[in-house]
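Below are two complexes that have chain A in common, paired first with chain B and then with chain C.
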Partner chain A sequence: MDQFVILCFAVVNSIALLALISLGLAVIFGMMRVINFAHGEFIMLGGYATVIANHAGVNLWLSMFVVSPMVVGLIGAVAERLIIRRLYGHLVTTMLATWGLSLFLIGAVTAIFGNTTLGVSAPLGNITIGAYSIGAYQLFLIAVTALLVVCSLLALHWTKYGLIARAAMQNAEMAATLGVDCDRVYATTFIIGAATSGLAGALLAPISGVLPHMGAAYVARAFVTVISGGGALITGFLSAATILGPVEALLSYFATPVVGQASLLLLAVIILRLFPTGVSSLWTGGR
Partner chain B sequence: MSGFPILATRGLVKRFGGVAAVDGVDLVVDAGEIRCLIGPNGAGKSTLFKCLTHQHQPTSGHVLFEGRDLQGLPTHLIARRGIAIKNQIPSIYANLDVRENIRLATLRRKLTKRELDRAVDLVLAEIGFDNLLAERPAATLSHAHRQWCELGMLLASDPRLALLDEPTAGMTREEMLRTVDIIKRLNATATVIVVEHDLEFIARLAQKVTVLHRGKVLVEDSMERIEANETVRDIYLGRKKDAAYAEG
Partner chain C sequence: MNLSRRSFLRSSAAVSAASIAGSFASRAWAASDTVAIASLHDLSGPFDIYGAPSHLCMKIAVEEINAAGGLLGKKIDLKIYDAQSDINRYPQYAQKALLNDRCVMLQGAMTGAAREATRPIMRRYKVPFFYGSLYEGGLCEKNSFCVNTGGNQQVVPLLEWSFQNIGKKLYYIASDYNAPRNFGIWNHVVAKREGGEVLAEDYYPLDVTDFTAAIAKIQAAKPDIVHSCLVGGPAMAFYRQWAAAGMLKKIPIISIVFGAGNEHEVLAPEESDGVVVAYNYFQELDTPKNQEFLAKLDASVGKARPYINGDAFGGYSGVMLWAEAVKRAGSFEREAVTAAFESGIRWEGPAGVMTTDGPTHNTTQDVHIITVKNRVWSLIQKKGQIPPDTYGGRCNVFTNPNQTDFLMP
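Let's turn to the complex of A and B:
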């Protein structure tokens, strides 16, 4: 029984983790069709911002929920202005440019903070379930992820900005004839995506520690999740995470984490073979 | 504001490669008019419209809106000044419902949330959409309803000048007549320029008709005089009537 509870927890945790690392990418790739190879580095920078701020004496929660999103959002704003904005519509060029950005960020962080793992201790202590104990912080992480997803859905469907953003993404020229400044919408969307990735990195820092090339561990899984999800922005990647997460968690538990991650990729290949435009084509009619 | 025509173009030219789709158009439209633009396919009507909103950058020439040159303004700022366009290709947001589409068009107006809601409801009534229709995704609408939804978006943006590119294309006669009513309502608060081929539609609406041919203004007059004009008959009406005779 205890083992079953722990297993369920691992499954939910795995889904939440996939959703958390994918949300920022879903915003940037899903809405703007910009393939941001520096996504992993945005997560990494979010982690660093929290660790550094916390070591400098800033309250941990403040570091995670304020400092990290702001720092990474700011870096995102600069990247958008200097690189992304000039390359809208050029898919391959954008991939190369953001890959370059990713290498630059890894290099810069390594030069400044060194190639060692830094960390902060996970707050909130442990919860004991029978013979097992799980970190309360991980439960907190699941709750925050759920909250973030719900907030994104609400923002997208119930706010003026959400409506404008959806319109600009669907058809920019038309939106312009309605008075929408699409350049600004793109920039804002990119910054929100970057800030969300920063927050994800901050939330992960107490669990994983931070390392200059930690982004590589996340970027592939985030892309796999977002692309398997397909056109429906939030519900798409969420359902992909719900399919992929349990497989990864269970196989990691019963075999090894390597088998878990490999099976995640394999499953994504099968999903995309069956639904070339992602699982959300099931309910959006394949847009 | 008065003293200036609402729209004046001076030597407007748009080239695509070597082809001048718009080739030196001087067009003056007074505030409050409904002006019809006619001309055979390829006369440059749609291109002219897109030059007015800077969806196409004019190659040369000027567009004066209420006496002010629009040169260098991006499309969204022109829209905010009060020029609304319904392009030839139905352009509504297929994934959004009707209410959201119309709501989008109201956003350029500086209104409170309550005023916006009221404006959207008013427009829905003006285009004759009940609540059931208003909640439907635009993709599921019939062809005529899509056109009306677009006209609703124009009404909702409360423009000073509305450009309509073939608003009755593909409509039955009853649907066309309903569209005439909607456009008359639009004209109560906005100047309207409309591109159409349907002669009954033009006769019901336009005070003045401008004929475009090969990117130039050929003639500008009342519909009766235009219909009697030999050159126009040759290049446009005549050919169309011949075709109609051939079919009938």
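Let's turn to the complex of A and C:
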């Protein structure tokens, strides 16, 4: 029984982690079609912001939920203004530009903070389930991810800004004709995406630590999740995470971690072979 | 004497060309008042946590030798190459060091992959390769000189101590590449000898940061000891999640690499207290020679330097042992230095007495089993003067001078 509970926990945890690292990318890539190779570095910067703020005496929760999204949102604003704005619609060029941005951010962080930075340890203690024990912080992480996903869904579908943003993404010309300032909508959306990635990094910092090159561990998985998810913004990547996460967690547990990782990629390939525009084409009709 | 003018010119030209070429190839130092040696480390990128402190140790050794008047009347010129955590740079910079900069010795290439990329270049250009990193043992090559611990000098004492003092059931969790897999073989060797049991071994890719499933698996197996050979920054997440799950106080972690990436400084005390490791050297070692060494380090690079761990220390002992061999040989030539190294160089340094072992080209040394509390290591047990493994006589450069392959226990 307790083994079953612990396995469920591992599975849900795996889904939540995929969803958490993909949310910001879903906004930037899913909505705006900007292939943001610096996504991993936004996560990294979020982690650094939390760790540094916390070491400077700021409360841990405040550092996570306020400082990190603000700092990374600000960096995202600058990047949008200087680089991304000039390249909307140029898929390959944005790819190169954001890759350059990614290298720059890694270099800058290494130059400023060096290659080893003290972390913050996970708060909240642990919970015992039979013969097993798990970190309470990881449960908290799952809850926050769920909350973030629900909030994003609500924001996109029930707020005026969500409506305008979706309109600007679907048909910029028509939206502009109706008086929407598309440039501003793009900029805001990019900043929100960056801030969300920053928050993800902040939330991950206590359990994964911070390193200048840590983004590499996340960026590929985030892209795999978002692309497998397809057109429907939030439900898309969420369903992809729900398919990919359990497979990886269960195979890592019953077989080896390598098999788990490989099967995640293999499954993504199969999904894209069956649904070239992502799993969400099942209910959006391939839009 | 029947010697035509033409043939005389031809042969004398050949002789002088050969002698010029010869002097450029291996005796560039003969006329100069300096001699170059190479430090080839990752000084940037993810692996600089290993490379930078080891390079620092080489630098201190060279400064010490030069301050004492140099070697054979020449100052040592330390040439520095940053491999940037990119395996392709190793053969490239090794060639540059040997062909362009005429280095008479090269040290570094710490990871197993970097070492394997560098060794063949060193062989081809006939320059001694000093290997300062701890490793799994079994490198018994005429042109390579291993000054840090091999598997039998590090894993074996650590596992013996653990089986005797903690428990018999061991769970091995490691990074997925050659060295941790080879170390994994030692688990079985020692378990068989000591009556222990290896419950399972799990190998994780280097970029994994989520160890939830791993921790659940370990909890299900209920081991007495977790042996971790997780390497690199991302894998430090394991220790964080292990501690967050409250496991650090329940099942002890032992390791032969924990601390080599200065994990004990990066992690919080509540994530690392109680981890047990084995190294030839650790910075808290209480010997007069070590105090001298640390004073030199502080004077040279300041107090804000990295912690010097047992892996990095090879950068210092390697250069010092090479220098002792050069002194005994009275030459920088490969053959003379090799013969001197093989004759058994005894050197007393910060980590105690180290003696080079002729047939294995490895080094006899002390090993310290230590544990960490509040980011400070303290001694549990000292295992004195452990000789390198002979691999049942297979590890012998005298009987197998052309041996280049790795040996397995």
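The definition used in the following text is that the second predicted complex is superposed on the first by the 286 of 287 C-alpha atoms of A that agree within 3 Å, B and C clash if a C-alpha of one lies under 4 Å from a C-alpha of the other, contacts with A are read in each partner's own complex, and residues count from 1 in each chain.
In this text, a contact is a pair of C-beta atoms (placed from the backbone, for glycine too) under 8 Å apart; a residue touches a chain by one contact, two chains touch by 3 or more.
Not measured: the values here are computed from a predicted model.
Chemist: Between chain B (first) and chain C (second), which, if any, makes contact with A:C182: first, second, both or neither?
Modeler: The first partner, chain B, only.
Chemist: With both complexes overlaid on chain A, does A:A155 touch chain B (first), chain C (second), both or neither?
Modeler: Neither partner.
Chemist: On chain A, which partner's contacts cover more residues, chain B's or chain C's?
Modeler: C
Chemist: Have a look at where A:H213 lands relative to chain B and chain C in the superposition and call it first, second, both or neither.
Modeler: After superposition on chain A, A:H213 lies in contact with chain C alone.
Chemist: Counting only touches as set out at the top, which of chain B and chain C does A:A249 meet: first, second, both, neither?
Modeler: It touches chain C, and chain B stays clear.
Chemist: Which partner chains sit in contact with A:G260 here, chain B, chain C, both or neither? Use first/second/both/neither.
Modeler: A:G260: touches chain C, not chain B.
Chemist: Once bound in the complex, which stretches of chain A touch chain B?
Modeler: 160, 163-164, 166-167, 170-171, 173-182, 284, 287
Chemist: In the complex of these two chains, what residues of chain A are touching chain C?
Modeler: 3, 6-7, 9-10, 13-14, 17, 110, 115-122, 125-126, 128, 131-138, 204, 206-209, 211, 213-214, 216-217, 249, 252-253, 256-258, 260-261
Chemist: Mind listing the chain C positions that touch chain A in their complex?
Modeler: Residues of chain C touching chain A: 44-46, 48-49, 52, 176, 202-205, 207-210, 212-217, 219-220, 222, 233-234, 236-237, 240-241, 243-247, 250, 261-262, 265-268, 270-271, 306.
Chemist: Considering only the defined contacts, which chain B positions touch chain A in the complex?
Modeler: It comes out as residues 53, 55, 74-77, 79-80, 84-85, 87, 91, 93-96, 100, 103-105, 107-108, 153, 157.
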